[in-house]
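Structure first, then comments.
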Amino acid sequence: MSPAARVSKVGVLGAKGKVGREICRAVDEADGVELVAEVDQDDTLQTLVDTRAEAVVDFTHPDVVMDNLRFCIEHGIHAVVGTTGFDDERLETLRGWLADAPGVGVLIAPNFSIGAILMMRFAGQAARFYDSVEVVELHHPDKADAPSGTARRTAQLIAAARADAGLGAAPDATSTALDGARGASVDGIPVHALRIRGMVAHQEVVLGGPGETLTIRHDSMDRASFAPGVLRALGAIGERPGLTVGLEELLDLA
Amino acid sequence: MSPAARVSKVGVLGAKGKVGREICRAVDEADGVELVAEVDQDDTLQTLVDTRAEAVVDFTHPDVVMDNLRFCIEHGIHAVVGTTGFDDERLETLRGWLADAPGVGVLIAPNFSIGAILMMRFAGQAARFYDSVEVVELHHPDKADAPSGTARRTAQLIAAARADAGLGAAPDATSTALDGARGASVDGIPVHALRIRGMVAHQEVVLGGPGETLTIRHDSMDRASFAPGVLRALGAIGERPGLTVGLEELLDLA
Amino acid sequence: MSPAARVSKVGVLGAKGKVGREICRAVDEADGVELVAEVDQDDTLQTLVDTRAEAVVDFTHPDVVMDNLRFCIEHGIHAVVGTTGFDDERLETLRGWLADAPGVGVLIAPNFSIGAILMMRFAGQAARFYDSVEVVELHHPDKADAPSGTARRTAQLIAAARADAGLGAAPDATSTALDGARGASVDGIPVHALRIRGMVAHQEVVLGGPGETLTIRHDSMDRASFAPGVLRALGAIGERPGLTVGLEELLDLA
Amino acid sequence: MSPAARVSKVGVLGAKGKVGREICRAVDEADGVELVAEVDQDDTLQTLVDTRAEAVVDFTHPDVVMDNLRFCIEHGIHAVVGTTGFDDERLETLRGWLADAPGVGVLIAPNFSIGAILMMRFAGQAARFYDSVEVVELHHPDKADAPSGTARRTAQLIAAARADAGLGAAPDATSTALDGARGASVDGIPVHALRIRGMVAHQEVVLGGPGETLTIRHDSMDRASFAPGVLRALGAIGERPGLTVGLEELLDLA
């Protein structure tokens, strides 16, 4: 395998899961890549070697993903990973394995939604220009956590950008408030969570200064929204040896 | 004065206040009404009689509004009142005075924004059809209370409509939440308040059921938004003897 | 069958179509109604009689719906119909059949989305209070017509409400415009159609007067949005003999 | 004057115009800058020298702005210019004058709204990731042109970004349309213009791909929105000798 080739033969790990099935369909329909292996929990990883897979997409489970990745790295197969549960220790382990496998690329990404990534990035870039900023997220009412992980990360990025720019707290003359009216504070940024039947996953960042406001909104209506991000990652991973954390690193954002 | 005539000669009480000036300008520019008296705190109410005012608009102060209204009712002058501070006792007093002045009409309204009134009404009508509903209000950061009075009233109306329809609590599986993330609860309806520089006064009611959502949003950008409501009230008050509370009563809503 | 009983046994015609399957699932899961017959094109209508269906839901085809309805009316079975293609002649035919079947109710509705119905109703109610109003609809890019039928009907309702209120054309000082910039005109109301990948079916009515705007937005994300309207219709049809056109007639809107 | 000093003494040209008055007020209230001269058409530019102005803000008229700038450049005074009418020839002339005045900086900017600049920039960055994109602008109904200049520029930027990324036309299966329903085409990007009483200046860029959409919205409610952009320009112009076109060049955007 040449170290910087664009991959074309792709295997999917966790192929029968909800996300996995979408990924299989997307790889199957996309130009330039070919779905050569659909691996789920009762299947052997050897299939990847037999089918000459050049890269895998892994949406499996924290319990098995490290074994999957060791196998892939040892066999020179790139990996695009959406499975959760990567802490610093796991990332360090991966770096160690990859040091022995020059040319192999692994991407670990908590979020493959390009829209969510752009929303966070734009919110971070705009934050230093505005006096005020708050985050509103809206999800289906079966969600267990409030606010969402994406909303928390967005608020943290905004708070860091404001701190870098030397901005203090946003103006707020509230002196009489009902409990909770002003939302949760994440690093000082108010975050509001709505739970509405019929919604899927939506987020709005509202920024304002004298006489104007800027609103960045992301609406995710369907699991299909992960597919373009995975395909972009597959298009880039062959030319990105070593460990990459976060899809944004592969998007060539200015 | 005939008991059911459309008024044309109008006086403004509190004519030099911020709202009063807007009202003067609006009456002056409107067809079918004539601004005959601009009365402020150093002026005498006798001006209203001298100029043959048929109706007044009162945006003054709780301390003086009852004296103003007694004078108007005694002189057969209708009144459209945006001044605050009317409790049940004051309303009862007005009813007594009006009983002795058949044909005179007085409107007491906490809100002359037609958009705010329609938003509340539509929210109340829609509430019984949806599993979920929450209120988001956005105001400039100099506002002292959170949520706004309009947002509270909206939530109360929604809660009452849901109770009438036999709806229980909205679905919400939240099990892990940061304090405040799910907003304030007003009669069980979540209300979220944002404070953003550049905003004026904005509110959104978000309703949702399986596969669909309905959003009703009101944006008030300028004090001028009170004027159309005042003009409509002036157009109707001559044909509406006695006490009326709430502009919505004069809007001929179905 | 008593003429005004609430139906409980329900058959679905067109049970294997996309919408039909959703309807079957919704009836099956709902309290108070029981799915007794799933009829598709190779099945006999006699099944409805055999299973003692009290009402049917018909999402079939213009070619077969009249035969379906004649059978149902003759057998004293109520019908809730979402199939298209009803012109005045067909409605007249139905009225004739129903005249001979006292107690049987038939609802013909072009739209079972409660949100779309409320949006249209609220837009019509609000129209007379505002100088300006325009309609924006956003759909997936596979849609053949622009603007959507719902957007056209909304604009027609708004235009009629404005005419009733004596309002003339909305203000518009545009003197230099690119072709199409100001949208399509439906009875004088500008309608704008966006086609965006990822969207499903969305519509916004924007109304504005001095200093304020009111926006009514409906987002339909999923075919499931038809189900609550169908269930409401089933809940009401047993007490609504004769022909009813439009779900709004059954919603007890003020 | 040192070539890279932060300016503190500021003169305003066109000080009595609508925008000029806002600029005077903003400079007066801002920390770190001092309003030393308010110059309008009956005043002499010599005032700038007498008051030791280090920079000017020019919101005047195409007929006089070149004379103003020649005077400023000759006297070593930086200029932040919002006056319109700069074509290539004028820019070339300015470059010539500045070549003889090392250390003097001139910024020519068609737009000082930071929100509008960020909206355009983000729209351009996001464009290559999405199948579909359209622009909707909403303005007060006294506006003469449709679509707005900002909407046109936004569409041009988006079209250029799509072309760079090798994207073809957005998907659109429309086969039956009313004239204008799909908006105006600016370099192939649909642009829709609404004219609504109560609105000021608003724009939304809607992007969509499989299962998700991204919306970037800018709301400008007040002329005050120009002030932060002018103040940022004043903060940077002293360290930016030569000619700069476009405020975005001074915003240190990544």
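As written, the chains take the letters A, B, C and D, and residue 1 is the first residue of each chain.
The rule is simple: a contact is a pair of C-beta atoms (placed from the backbone, for glycine too) under 8 Å apart; a residue touches a chain by one contact, two chains touch by 3 or more.
As the structure is a prediction and not an experimental result, all values here were calculated from the model.
Chemist: Between subunit A and subunit B, how many degrees of rotation does a Cα superposition need? Round to steps of 5.
Modeler: 180
Chemist: For subunit A, which other chain has the most distant CA centre?
Modeler: Farthest by centroid: B.
Chemist: Validating interface symmetry: for the copies subunit C and subunit D, is the fraction of residue numbers used by both over half? Same or different.
Modeler: Same, since over half the interface numbering is common to both chains.
Chemist: Go ahead and note the Å separation of the Cα centroids belonging to subunit C and subunit D.
Modeler: 47
Chemist: Round to the nearest whole Å and give the separation of the Cα centres of subunit A and subunit D.
Modeler: It comes to 34 Å between the two C-alpha centres.
Chemist: Spell out, as numbers or ranges, the residues of subunit B touching 2 or more other chains.
Modeler: Only 198-199, 209-213, 219, 221-222, 225 qualify.
Chemist: Mind pulling up the subunit D residues that touch subunit A in the complex?
Modeler: Residues 113-115, 118-119, 122, 125-126, 129, 209-228, 251, 253-254.
Chemist: Using the touch definition from the top, list the residues of subunit A that touch subunit C in their complex.
Modeler: Contacts found on subunit A: 198-200, 219, 221-222, 225.
Chemist: In their complex, what parts of subunit B are in touch with subunit A?
Modeler: Residues 130-134, 136, 138, 141-147, 170-186, 190-199, 206-213 of subunit B touch subunit A in their complex.
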